[in-house]
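Once you scroll down, you'll see the structures, which are given as structure tokens.
Here subunit A shows up in two complexes: once beside subunit B, once beside subunit C.
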Partner chain A sequence: MSNFFPRWANWVPLKLLLIAAVLTTVLTLGVWYYFTPKYTRVGYMPDQPAPFSHALHAEQLGMDCRYCHSFVEVSGHSNIPDTQTCMACHSQIKSTSPKLAAVKASWESGLPIQWVRIHKAPDYVYFNHAAHVNRGVSCFSCHGQINDMATVWQAEPQSMAWCLECHRAPEKFLRPQSEVFNLNWHAASPAAQLAMGTQFKKEWNINPPLTCGGCHR
Partner chain B sequence: MLRIFFIVLALSLVTLVAITGIRGQKGKKPPIEIFPDMDHQPKVKSQVPTGFFADSRGDRQPVPGTVPLGYAAPLSKGGAVADEGKYTAVRFANSTDYADTGRFGDQWGTGIPLPVTAELMQRGGERYAIFCAVCHGSSGAGNGVAGQYGMAAIASYHQDRLRTMPDGEIFNTITHGKNTMLGYGGKIPVDDRWAIVAYVRALQLSQHAELSDVPPEERAKLEAAK
Partner chain C sequence: MSEGTAVMDASSAAAKRIERAPLVTNNRTMSWISDRVASCTERRAPTWWWITFTLTSSLAVVSLLCIAYLISTGVGVWGLNHPIGWAWDITNFVFWIGIGHAGTLISAILYLARQKWRTSINRAAEAMTLFAVVCAGIFPMIHVGRIWMVWFLAPVPTSMGIWQNFRSPLLWDVFAVSTYFTVSILFWYTGLVPDLATLRDRATTKIRKFFYGIGALGWRGGNRQWKHYEMAYLILAGLSTPLVLSVHSVVSFDFATSVIPGWHTTIFPPYFVAGAIFGGFAMVLTIMLPARAIFGLHDLITDDHVDKMCKIILLTGSMVGYAYAMEFFIAWYGGNLFEQYAFINRATGPYWWAYWSMIFCNVVSPQLFWFRRMRRHVLPVFIVCMFVNAGMWFERFVIIVTSLHRDFLPSSWNMFYPTWVDIWTFTGTFGIFLTLFLLFIRWLPMICIFEVKAVLPEADPHYHGHHKATIEGGGH
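What follows is the complex of A and B.
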């Protein structure tokens, strides 16, 4: 009876335990790494109906964000410009370029250009652009260096944890009102940013909501 | 047994990473939604298509024959800090008043129907830089960046025709455009248009001023610098 199980069978329970432990760890790491907007959303760079380049318009030509996104300071929704905004220049400039085919078609038909939306908050989040850009939060904080993007991609995860990073410590991100739309402005150093941001927070009475009702209704 | 397990594990991890990639990689595929609960609600949001209407437009077009009455939309919560109390509404209007059309009956009027203050001039300068300078240039000489890219016939403000143009006609040009310039009435609220008119007047004066226009105390400085 003494040799009913071979000798190696003594190690089987321990080995199985080790395998289970390794698999659990790998699974946990995998979920942590992949099940987050840092993986699912960041880098989303779809093709657009017209290859509009922010790098050309905003950086090279120096156009202000608000020429196209004209209601960002007064509305919760930052508008995608209508076709007439494009045509204000492109009725003359490069008017025959094939890159502008979608714009021209829209101008002639009166139907909107179907731009592909990149930054999407869930429908239970009520983000207000005006409340942010009028209080020293730059486009840069949420959209990244968009003035250098030839094709727009999502630069920030825009998850709730990410929102709270700023809502808990706005002084790390606040900038002078005059530089909100200047995406090339950056604080001289993190220390300078902190000193300036703390001052702005006090002066402008910045008190970002941390309660659920601040963003969810 | 263990060796086989680790080999299989390593191979499957390599395969998984090869397929899924790493964080922040650029890609054209729409984001995967892991927990999409209530993310997409059947409500109409700004500039988002909806299945409710036959043409799938969420933002409705006015019915043909609609007569706009004009409206003033209140500023969204958190309105401009710097301008607190001054710009409390975004006004787009379609009345026949001078303030909304730049004309009295069929005559161009002149004068700014808002108090011309330093704030109004600053506002005008800021809006001018956003909407006008691209073509007309920051000094109004018609040498904005768009001209270098093929925009033809940009008017310079520094010509007698425009210097003597009534304020109301400039307002109307901003609203409805003129020749190759398209209208900006849908983008720039009424009060901002008047602020721009005031700023354009200042630009014209800046390029067409006599020494006698300079206040006496400043004049001495200018003459000393000569």
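What follows is the complex of A and C.
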């Protein structure tokens, strides 16, 4: 039989294999990077109806987180403040600022401000704010340096792997109970954090659930 | 053996061996074998092929439509209920995966055991294995309900930060079945390469030359290529051999590692493997007998081949019968009331008809094969094989549904009634299976041409002249 395939055909399988290998690698890396919450969620910064600045209120003016998010220590759900909370100050301060238009409108109509939600756990995940902030887990651990944000954005992926990072080794994140709402607090060194965290974990008897039922109830 | 009487030397001793029936009858030549097998793919598709293909592919479409309906609506379209959370879905899975085992046994174990009669049936049996695994793979995939989550079974790093439960037999199943499919397809393809080269060399059209040329991977039949081929095939046979035993053992762990009375038994792995080989050989005969008749391959797949397969069916069928009896014995001997109830309920409860159908089909009907006459007539062989096919489906149904339908809480006791979706999804998988098989016999040589040539007397290096006595003894 004569040669049906030309000589260069000998290299076709090898070339195809090479292309397949490159494509597979690129595809895997692409999915790894672009399809995970690290990419899809972190940095989400929607426009809000009122340009509320945490940098101004929490950092410059030194307001406590709990002034507005008043139920965070006692409730599973951490509340977004109602218009009355804003107006407690703003009926006196900067009451004519155009930036407060949405707050004013809400105050007059009695309808709440439609804040855009940023951090959203799926409905099959049960997360309790009170359980965390009362046991040395700072706002900072999940929401990042929110006291420096002029507009709030998502700082952490909040994926399941990310939750488990802390649930598997809470000593890396626990801080003194007095510093939970101090977002500028940092341990002296990683070693100091680990020593302190280990001590808190023991003293407070912290056993974060690792079973499915811990969060998926 | 007149010449063996003179001196009792080596050759005359060989001549005294019991004469074996030739594996290829009617003194067919090598070119006849090539012609006969290759022409099945070269002639125009006969009318019967188109009619059958239309029927089976329509049936396959019905199955696919049922699956689409299931996925779009939810598993509620099946008759599953509480406590019967597994019924036809897993029955069908085990049924199909079991059928594949004959192919692996023929291709791997019989190869390593130098059973030359495997050569004319291994190709089709291996193809059948692949198609059966395709049908089997559908059911665990679709029974999870949210099929788009099925990738959770794959151990890849995810943003969930957890691995699969490696202690679960359901995960072992995923590995067992996917390994089985991969090794089977490699084995099958490796064996196909020299024959694809034959088809390429015989090809008259450009398209055939092109596609068979690609498939043949540049095979030229040189000495070195044959050496590599033989080694590769031997290694693959070695890899496949443990799979014959492991795959269905792992499938049986799905049940045996649970605590359900009727499932929680140590006899399951060997019993499942014997049952799988039993059902597999029945399915091989079910499709090989019509194929042999249609393509006139009686000289290659002889009555001796059928006879041997019937003996394996008789052996494994009796092993399965022994296992059924032993289950009852252990239920009594173990003294566990729940276990005893489960088995008495199987035989006399509301599913008695399924149990006794299973006993009749799997244990009673193969006993006909004790008689040589029965093994050598196509009709009784075919009828028994059909019984075995049905019986093996009933076996899995009995194991799964009768064990589940009587829960530990009598208030949960229930019956299973299949819906039309259950019925047509299963019926349709026969369409998928047969469609793939019809495509196979149309495009690929259904008998391993070069291996069959190797069992001809002419293939013996001593055929032409030397050691004449050995040849006349015919002991090859």
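List of remarks:
The criterion applied here is as follows: the second predicted complex is superposed on the first by the 213 of 217 C-alpha atoms of A that agree within 3 Å, B and C clash if a C-alpha of one lies under 4 Å from a C-alpha of the other, contacts with A are read in each partner's own complex, and residues count from 1 in each chain.
Methods note: contacts are C-beta pairs under 8 Å (C-beta built on N, C-alpha and C of every residue); 3 or more make two chains touch, one makes a residue touch a chain.
It should be emphasised that the depicted structure is a prediction, and the values quoted were computed from it without experimental measurement.
When the two structures are aligned on the shared chain, A:38 is found in touch with subunit B and with subunit C. In the superposition on chain A, contact is made by A:79 with subunit B only, not with subunit C. Set side by side, subunit B and subunit C differ in how many residues of subunit A they touch, and the one touching more is B.
In the superposition on chain A, contact of A:26 is made with subunit B only, not with subunit C.
Once chain A of one complex is fitted onto chain A of the other, the partner contacts of A:49 are absent, as it touches neither subunit B nor subunit C. In the superposition on chain A, contact of A:5 is made with subunit C only, not with subunit B.
Of the two partner chains placed around the shared chain by superposition, neither subunit B nor subunit C is touched by A:144.
After overlaying the two complexes on the shared chain, residue contacts for A:135 are found with subunit B alone; subunit C is out of touch.
Within subunit A, the residues touching subunit B in one complex and subunit C in the other are 37-38.
Touching subunit A in their complex are the following residues of subunit C: 158-162, 200-201, 209-210, 213, 218. Considering their complex, residues 1, 4-5, 10, 36-38, 157, 159-165 of subunit A touch subunit C.
Contact residues on subunit B toward subunit A in their complex (touch as defined above): 1-2, 5, 9, 13, 16, 20, 22-34, 38-41, 43, 45-48, 57, 73, 75-82, 90, 129-131, 134-135, 145-146, 149-152, 180-184, 186-188. Note for the complex: subunit A touches subunit B at residues 15, 18-19, 22-23, 26, 30, 33-35, 37-47, 61-64, 66-67, 70-71, 73-77, 79-80, 82, 84-85, 87-89, 91-94, 112, 117, 122-124, 128, 130-132, 134-135, 153, 177, 204.
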